[in-house]
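Each structure below appears as structure tokens.
Both of the next two complexes hold chain A, though its partner changes from chain B to chain C.
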Partner chain A sequence: QIHFVLLISRQGKVRLTKWYSPYTQKERTKVIRELSGMILTRGPKLCNFVEWRGYKVVYKRYASLYFCMCIDQEDNELEVLEIIHHFVEILDRYFGSVCELDLIFNFHKAYYILDELVIAGELQESSKKTVARLIAAQDSLVEAAKEEASSLSNIIAQATK
Partner chain B sequence: MALSGMRGLSVFISDIRNCQNKEQERLRVDKELGNVRTRFKNEKGLTPYEKKKYVWKMLYIYMLGYDVDFGHMEAVSLISAPKYPEKQVGYIVTSCLLNENHDFLRLAINTVRNDIIGRNETFQCLALTLVGNIGGREFAESLAPDVQKLLISSSCRPLVRKKAALCLLRLFRKNPDVVNVDGWSDRMAQLLDERDFGVLTSSMSLLVALVASNHEAYWSCLPKCVKVLERLARSQDIPQEYTYYGIPSPWLQVKTMRALQYFPTIEDPSTRRSLFEVLQRILMGTDVVKNVNKNNASHSVLFEALALVMHLDAEKEMMSQCVALLGKFIAVREPNIRYLGLENMTRMLMVTDVQDIIKRHQAQIITSLKDPDISIRRRALDLLYGMCDVSNAKDIVEELLQYLNTAEFVMREELSLKIAILAEKFAPDLSWYVDVILQLIDKAGDFVSDDIWFRVVQFVTNNEDLQPYAALKAREYLDKPAIHETMVKVSAYILGEYSHLLARRPGCSPKEIFSLIHEKLPTVSTSTIPILLSTYAKILMHTQPPDSELQNQILAIFRKYESCIDAEIQQRAVEYLELSKKGAALMDVLAEMPKFPERQSSLIKKAEDTEADTAEQSAHKLRTQQQTSNALAVTDQPSANGTPPVSHLGLVKVPSMTNTDRNLADQGETEPNGTLSVVDPQPPSAPSPDVLGDLLGPLAIEGPQPDAAQPAHNLGSGVGVAPNAEDALALAPVEETATVQPIGNIAERFHALVLKDSGILYEDPYIQIGIKAEWRAHHGRLVLFLGNKNTAPLISVQALILPPSHLRMELSLVPETIPPRAQVQCPLEVVNLRPSRDLAVLDFSYNFGAQLV
Partner chain C sequence: MGSQGGFGQSKEFLDLIKSIGEARSKAEEDRIVINEIEILKKRIIEPDIPKRKMKEYIMRLVYVEMLGHDASFGYIHAVKMTHDDNLHSKRTGYLAVTLFLNEDHDLIILIVNTIQKDLKSDNYLVVCAALNAVCKLINEETIPAVLPQVVDLLGHSKEAVRKKAVMALHRFHQKSPSSVNHLVTNFRKRLCDNDPGVMGSTLCPLYDLISEDVNSYKDLVVSFVSILKQVAERRLPKSYDYHQMPAPFIQIKLLKILALLGSGDKKASEQMYTIVGDIMRKSDSSSNIGNAILYECICCVSSIHPNPKLLESAAEAVAKFLKNDSHNLKYLGIDALGRLIKISAEIAEQHQLAVIDCLEDPDDTLKRKTFELLYKMTKPSNVEVIVDRMIDYMMSINDNHYKTEIASRCVELAEQFAPSNQWFIQTMNKVFEHAGDLVNLKVAHNLMRLIAEGFGEEDETADSQLRSSAVESYLRIMGEPKLPSAFLQVICWVLGEYGTADGKYSASYITGKISDIAEAHSTDDMVKGYAVSALMKVYSFEIAAGRKVDMLPECQSFIEELLASNSTDLQQRAYELQSVVGLDARAVESIIPMDASCEDIEVDRELSFLNGYVQESLNKGAQPYIPENERSGASSISNFRIEHHVPSGHSLRFEAYELPKASVPSRPPVPPVSATELVPVPEPTYHTEFHEAVAPKLSVSGTGSSEIKLRLDGVQKKWGKQTYSSSSPSTSDSDIHKTQNGATKRDVPSSLSSKARDVSYDSRKQQEDVDPEKQKLAASLFGGASKPEKRPPASHKASRPNSHAADKSNAEKSGPSDGGAVKASPQPPPDLLDLGEPTSISNATSVDPFKQLEGLLDSNEGTTAPGSSSSTKAPDLMSLYGDTSLSGQNIGTANLLSTSSSDANLISDVSHAPDRNGHGTGSAVTLSTPLSKGPNTKDALEKDALVRQMGVNPTSQNPNLFKDLLG
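Here is the complex of A and B:
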């Protein structure tokens, strides 16, 4: 299973973290520090897998961001590498040519998308179309609620003038 | 679209990004945290939108790396919000900030449950996602049935059901009992007929976990899995959206093949045939293409297929196909494939004997050892270690020693251990072995653990032919200007024992040897000096005819250390000084060390211990556990098999005959007094295996005390089994007299108690004595339960324990009277001082009515 997902920038800034196994806050910081050190220093021609503390971490660099997923020793590495790519393609579709800035300002959206992709550390949905549809549905629910709220507050505002 | 939907959040993020340095950022963050804290305290003024915004800000700050120690409450409370947007935020932020060990989470269980069983589909999805991601044991117990219902309900849409499948997977991992196997295996089979690929993918993950823990129950799923694979392989009726770069749902293929690896065999021949067809097609049909992702996807399927083929232990032809493929892979440019090639080759070694075929690729593997990528180097090391046997050991070990020169520190310890083990296991002759180990110490002394040099000493001691060679080599190393401390230890020890064998050779007179060693004394630490002192004493003793100048030198050294602060050094110095005055007797005392008995190499045990454990037993691991590790046998036959669990079952106390005799003698005396003493007449059968001997043997190599072996044993057993022979206390009930007949077979009870921590010790019509024991290393606490079975009180109760010399026992006060039908507890503290096979005896007497028992 996937134990956690990390998105780190080239400078070591954390853009997203999701933990599927119990790590305390202190442990999380430590993990991030260790893995950043290991992964950010790896050259471009090397393989996408590092061995760390008895686990394997599969990572891939997309522009200025490193996407990392930690898995068990016996899991299939290439499969997870493609889960990463799957995630990136969905983000790309959603944001329209995604860049790091998108993920910085819309990190909450990234979390929504990740939750449609992975649960309990396993792949949930391999169809980009389905995921896109679900996220769109969620977005419209939120929009609808906003409109409702704003129309209500308009009415109240009018009424209390 | 760079800006988020929440303006306040965007502004905050921009502010942070505009900070010039860490200080500024910290200030801004603190300001915001203060703001949020105040707003949270004043709940009334907070609109849901604002709450959302602040909770996201909190998460952002948390991601930046700051401690966010408040506000968890708010995030969790948002879960109970009535409207979707707030609820969504509550769920997601909670799952990011908290984990199953947070108490807060418990507060949300009810709300979550309501969402799961409620009608609102989106709410169900949110809840299932949360529980699936961070649910813990408590969630498992309260929610599993509801989740199961959702999964199999036909009125639920695939969207919900796929989440339910993975949610159930998590709950199962946290508490395997939530899935009632009997009912569930049919359901699983049904689920595998599912048309929707989202649900099918999730269900397959669930299946993998279920089958891993119990494949017996899920046999009906096996043919279904094969059907799924066939469907995917034929690529018909697969919706476009589930095709990934032209490959039909690679993840589903991989998962299905993984599930199949947990079934030991495939009985049905037609199923077997279909499966092999599919596998064959994958093996032959996977080409390398330009598109990286397509390549990765197709190869992920290929590697999983390889693993499955290995597991099924297919015909030789298919296997050699696999090895051929792997051989190709380890030489390609693409590093990922090289890595995986090496990894899978290592796995192959475990499963079948394709060693010969693999050895053909030895040159390539050795090249990989020098690869710029450390991940690949590690794989190469593992593979070389695994494929080493008598024919290629020399080459491989020599390569590894070379590699040691340039290896980075993180790998050196593992490397040293592996070199030592390989050298030991496959040494063509012992002198080569000694060479290798000494070389190892020379190159990587810091990483050579004590076990390694103890082992080489053990070998030298046990093999007389080796001794002069070893001594000579040791002397050679001492000539070097700067040697590692471990080398000093080894050389000094060996020369101490055997330098007299070299006495005739040039440069090897006792005096020269002594001065060589003594030169190094200033450079070593306190732990080595005792060894040097012993060496000097032995050199002194071996010098025949006695050289008075040398003698004086050495005695002077002893005198110098007589007042050393370190206890060990002082003791040795003083004792050797005294001994040297004894003259001839010195010979006996300082004679050569006797041979060491054969035991399992502690090195091999160490190597096995370093393998990490995982939650789901991988199919691969299950296979390797069936392999037994070979105990080293270079000189004598190994007498011990030494896997810890075995020792538990074999442990039975043999009461020493003297003890029993003594008891009988006691009995003779005490009989007139009418005291009931119970003696076990026959010793229990089943002599303990040699492991017992090993545990009790006080050998230098053992290092830490036998007690230290305890933790490993306890971890292994997991049941309250009496830990070690030396620690298991048996209160031997001693039976005699015709007056009061005990109930039940005392000897049986006694045996049972040696193996268990609790049980009945002795029973007769009036009283029952039970024991419950708790052990921590050598310290134990027993409780004696004295139960009066009758309606009249037992008076004048007395219990005496006669501890044997190796135990120290303290029995708390035993009450004089035991009321009718009551049970009294008497705690007993035990400390085990030394290993021994003696037993303690419980002397118990009471008065019933007029009768003294």
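Here is the complex of A and C:
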């Protein structure tokens, strides 16, 4: 089971956090500080796993961005590494060669995608196509709703003038 | 698509994100965020905020919270937003609340209603959003509110909804298993869902259910096997393939379930052998995901009823992992080896050199995993080597969590396999010295017990040697600064008990040392308590031996200080010491006999020795004793008795419990700590028929707090007067201290000796030295493994006759250079060629397609670069980013080198760089990247345009932000 997902830049800046197990804001800050201290300093050829407080954190670096997932002791690390990669591939497909900047300015989209991929700490969908389809459905509906809303609010605005 | 902000971020928000990006320090970032919080606090309560604006505020709250600040003032607005009818707002609201709230938050009650409504929505996207929130927010109390609806959704026409409903039920099961117990059949039904996604998600709850109760699901073995078979035969839609593997995530989950079902069940396991074997054969060991499956197969094989053929292929797979250059695979190899040796221990032997390599690897993760393996394969023959290694490592790390773990493992192994007591004590000393505050206090007591009991039945001289050496080692160690409290307690106890036993050290020397400890740790009451008791013992032994006691001035002042201590326990100990010192030799000897810590204390519960006295009193007209259960306030007393089972027997020292009256002026109330030690004291009184009623005494003597204490006082007063009318102060004092002595004895040894010690005391000592050389280390670690099977246990050092692997004995005997050669030659070269390290190979291939595409890239670059450079604007995020990374101020920027190298690639980075750091990316990515090249040019242009809009210049310094993550 995944306890949390962190995206941290090489400079230690937080790009995305998702907590599947309860952590207080204080604990979150501490976790991030501790883990970025551990992970960002690790050399390139070492394991993509670190043991941490009885859990394991699987991380992978993409360009200057570190994707980290915290899992239980008995989980399959290599599988989680591939879940990360799966996530990145989906992001890549969605944004079209995703880069860190995409995630900085569209963190909410990254959240929506993550919500379609991992739910309650478990991988819910392993088909890229299905995830993409769902996200697209939501986006188009949102677009439609947006137009509708803006036209509605225009009407109201004009009516109340 | 994508890049233009989905909720139309305002300039203000973009500026916020930018300024956070520009922040050069955490402090600056915090300042910006705090400022933002102030702005939001004001804005968000303004009336009539347009929805669009509100959504943005909520996202800004999310952003603030993501950066680690508290945005709780806005939670309620996010909750309100979930009530909105507009899907977009609703979705934003749900996203925000799932990020903000934990399941125990008070606001959740306000969302439940909305969730209920949304679960009924016609729009499946609304239902999906609500289900996402259900998974995160619904807690044990609110489960019943949504459960029926979620169950209904299991039959929804959209697979996405069914899938999320299954996951929601899974979450419910985790939170409150009883709430969904009756729904198990639904999971079974969903296992046959037409949609592989739903089927896959059903495996999560089933896994949990099966791990709780295997037997109820044995009938599903057939289904799981057949699903796994279909998956492996690529019967699922192509879209579930991942890097050319058919639905690997589902395969892994299924293998996990099979491992549970087959564990210890021969019949079930037999059904699995074929399919697991097939998968192992098919799995592609050149990709990460292939190895993930392979690893899961090994786990499965080692869990189910053993099958020689499968074990063999598992062992082969482990060998491949261990020989691989990738640390990840080595790590998995070590882990898998740890699983396999449970079934057949000899597998480890072929890999000893690989294991040693991992142990000495600079990668901490790998090292720890290897220690875990060593821990699993420890036995009497290799315990010394392994524990020494562990302790060395323990000393070298700062991570307290792991330190505690490895320290308790050392203790566990040492207790279980210690070849000699001497070694055990030394090992314990080391563990205590470096991690004493982290290990369980019981360990300290075990150590004291071992020193006191010695070899048990074996000869006395060895025991006293052991004690002398313990005393000596402690005298040596105690000078060290910052010793943990638990260790100091052991030291004090041992010095008190055995410091002067062999006559090597004088009492004044030992007492001086003890008071040094007390002085150096004047804030630690536990240590001081142990110290003063130790002093008392040393003095008592002196008196008993007929020597005169000259108390050192420092001891004197130490005791005086304790006489006035705030801690009543310390006070009492000090008073007791004072009184004991004033007694004659005979009395002292019976109070504190030499080396009696291991002797059981027998308690005469009936106090039969008092019968005569009682009878006499009754004859004189005293009130008979009223049994406690017939008195008021009896309940507390009977509770009290239950706690203390004192073996009944004959009475030796039990006149000791008669306490004197006021020979000690003001007896302090006894605190709970000492009360537990002293409990046996008052207890017997209630069994004797006594002339005074006890109940009134109890209430009178109230110093206030605990009942134990109260009774104690009452007893003291009562018994003091009447027991020995003729008692001189000195004898009654001795009585007190006998009590104390009895108590101390009970304190340590009786509780300890009650547990059977299972250390194997075989003094078989392993002869082999721990040589820095790997080969020897290997021999000492693994040598034991072959011992039972391959050579007589005694001939240890003797060259091993013919044994298993030729290269092993070779390695052991040959010198360093030979050994190295032996080890090196079989490994690296062939591996590189045939065992495909995924990384190196994929690196090689990953370069090529890019190179081939360079033409395309160039044109792309031609279009981007000029455009962007023409639009350079003044305050730009990117250059600042670049600055920071160049000047190296940031947190965790370790290597300037890589920064500058990527700077050098600046242009190619913006478009798709050939040498994007490709570590670890699977080969399929490289395949997919060229395919997506087409739209990429367009994407890059779009992004560039967007970025320019935002005042960001991509040609400036931080190329990393633009770097494709999948490079």
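In this section, the second predicted complex is superposed on the first by the 154 of 161 C-alpha atoms of A that agree within 3 Å, B and C clash if a C-alpha of one lies under 4 Å from a C-alpha of the other, contacts with A are read in each partner's own complex, and residues count from 1 in each chain.
One rule holds for everything that comes next: a residue touches a chain if its C-beta (ideal position, glycine included) is under 8 Å from a C-beta of that chain, and two chains touch if they have at least 3 such contacts.
It should be emphasised that the depicted structure is a prediction, and the values quoted were computed from it without experimental measurement.
Asks: Taking the superposition on A as described, I'd like to know which of chain B and chain C A:Asn106 touches: first, second, both or neither.
Replies: both
Asks: Please indicate which partner A:Arg61 is in contact with in the superposed arrangement: first for chain B, second for chain C, both, or neither.
Replies: Touch status of A:Arg61: second partner only.
Asks: So which one touches more of the residues on chain A, chain B or chain C?
Replies: C
Asks: Would you sort A:Gly37 into first (chain B), second (chain C), both or neither based on which partner it touches?
Replies: second
Asks: Quick check for you: in the superposed arrangement, does A:Val14 touch first (chain B), second (chain C), both or neither?
Replies: both
Asks: Tell me which partner A:Glu51 touches in the superposition: chain B (first), chain C (second), both or neither.
Replies: A:Glu51 sits against chain B and chain C alike.
Asks: Have a look at where A:Asp72 lands relative to chain B and chain C in the superposition and call it first, second, both or neither.
Replies: First partner only, chain B.
Asks: Return the residues of chain A at which the contacts from chain B and from chain C coincide.
Replies: Looking at chain A, the two contact sets intersect at 13-14, 16-18, 20, 22-25, 29, 32, 43, 45-51, 53-54, 76-79, 81-83, 85-86, 95-96, 101-102, 104-109, 111-112, 115, 119-120, 122-130, 134, 138, 141-142, 145-146, 149.
Asks: Which of the residues in chain A come into contact with chain C in the complex?
Replies: Per the touch definition, chain A meets chain C at residues 9-14, 16-18, 20, 22-25, 28-29, 32, 36-37, 40-41, 43-54, 60-65, 76-79, 81-83, 85-86, 88-89, 91-102, 104-109, 111-112, 115, 119-120, 122-130, 134, 137-139, 141-142, 145-146, 149-150, 153.
Asks: Mind pulling up the chain A residues that touch chain B in the complex?
Replies: Touch list, chain A to chain B: 1, 13-25, 29, 32, 43, 45-51, 53-54, 72-74, 76-79, 81-83, 85-86, 95-96, 101-102, 104-109, 111-112, 115, 119-120, 122-130, 134, 138, 141-142, 145-146, 149.
Asks: Over in the complex, which chain B residues touch chain A? Could you list them?
Replies: Listed in rising order, the residues are 1-5, 9-10, 13, 17, 49, 56, 59-60, 63-65, 67, 83-85, 88-89, 92, 95-96, 99-101, 122, 128-129, 132-134, 136, 159, 162-163, 166-167, 169-170, 173, 197-198, 201-202, 205, 239, 241-242, 244, 249-252, 254, 258, 293, 296-297, 299-300, 303-304, 335-336, 338-340, 372-376, 378, 612, 614-616, 618-621.
Asks: For the complex, which residues does chain C have touching chain A?
Replies: Those residues of chain C that touch chain A are 1-3, 5-7, 9, 14, 17, 20-21, 29, 50-52, 59, 62-63, 65-70, 86-88, 91-92, 95, 98-99, 102-104, 123, 125, 128, 132, 135-136, 159-160, 163-164, 167-168, 170-171, 174, 196-197, 200-201, 204, 237, 239-240, 242-243, 247-250, 252, 256, 288-289, 291-292, 295-296, 299, 327-328, 330-332, 362-366, 368-369, 401-402, 884-885, 890-894, 912, 916-917, 919-922, 925, 928, 932, 935-936, 938-940, 942-943, 947, 950, 952, 960-967.
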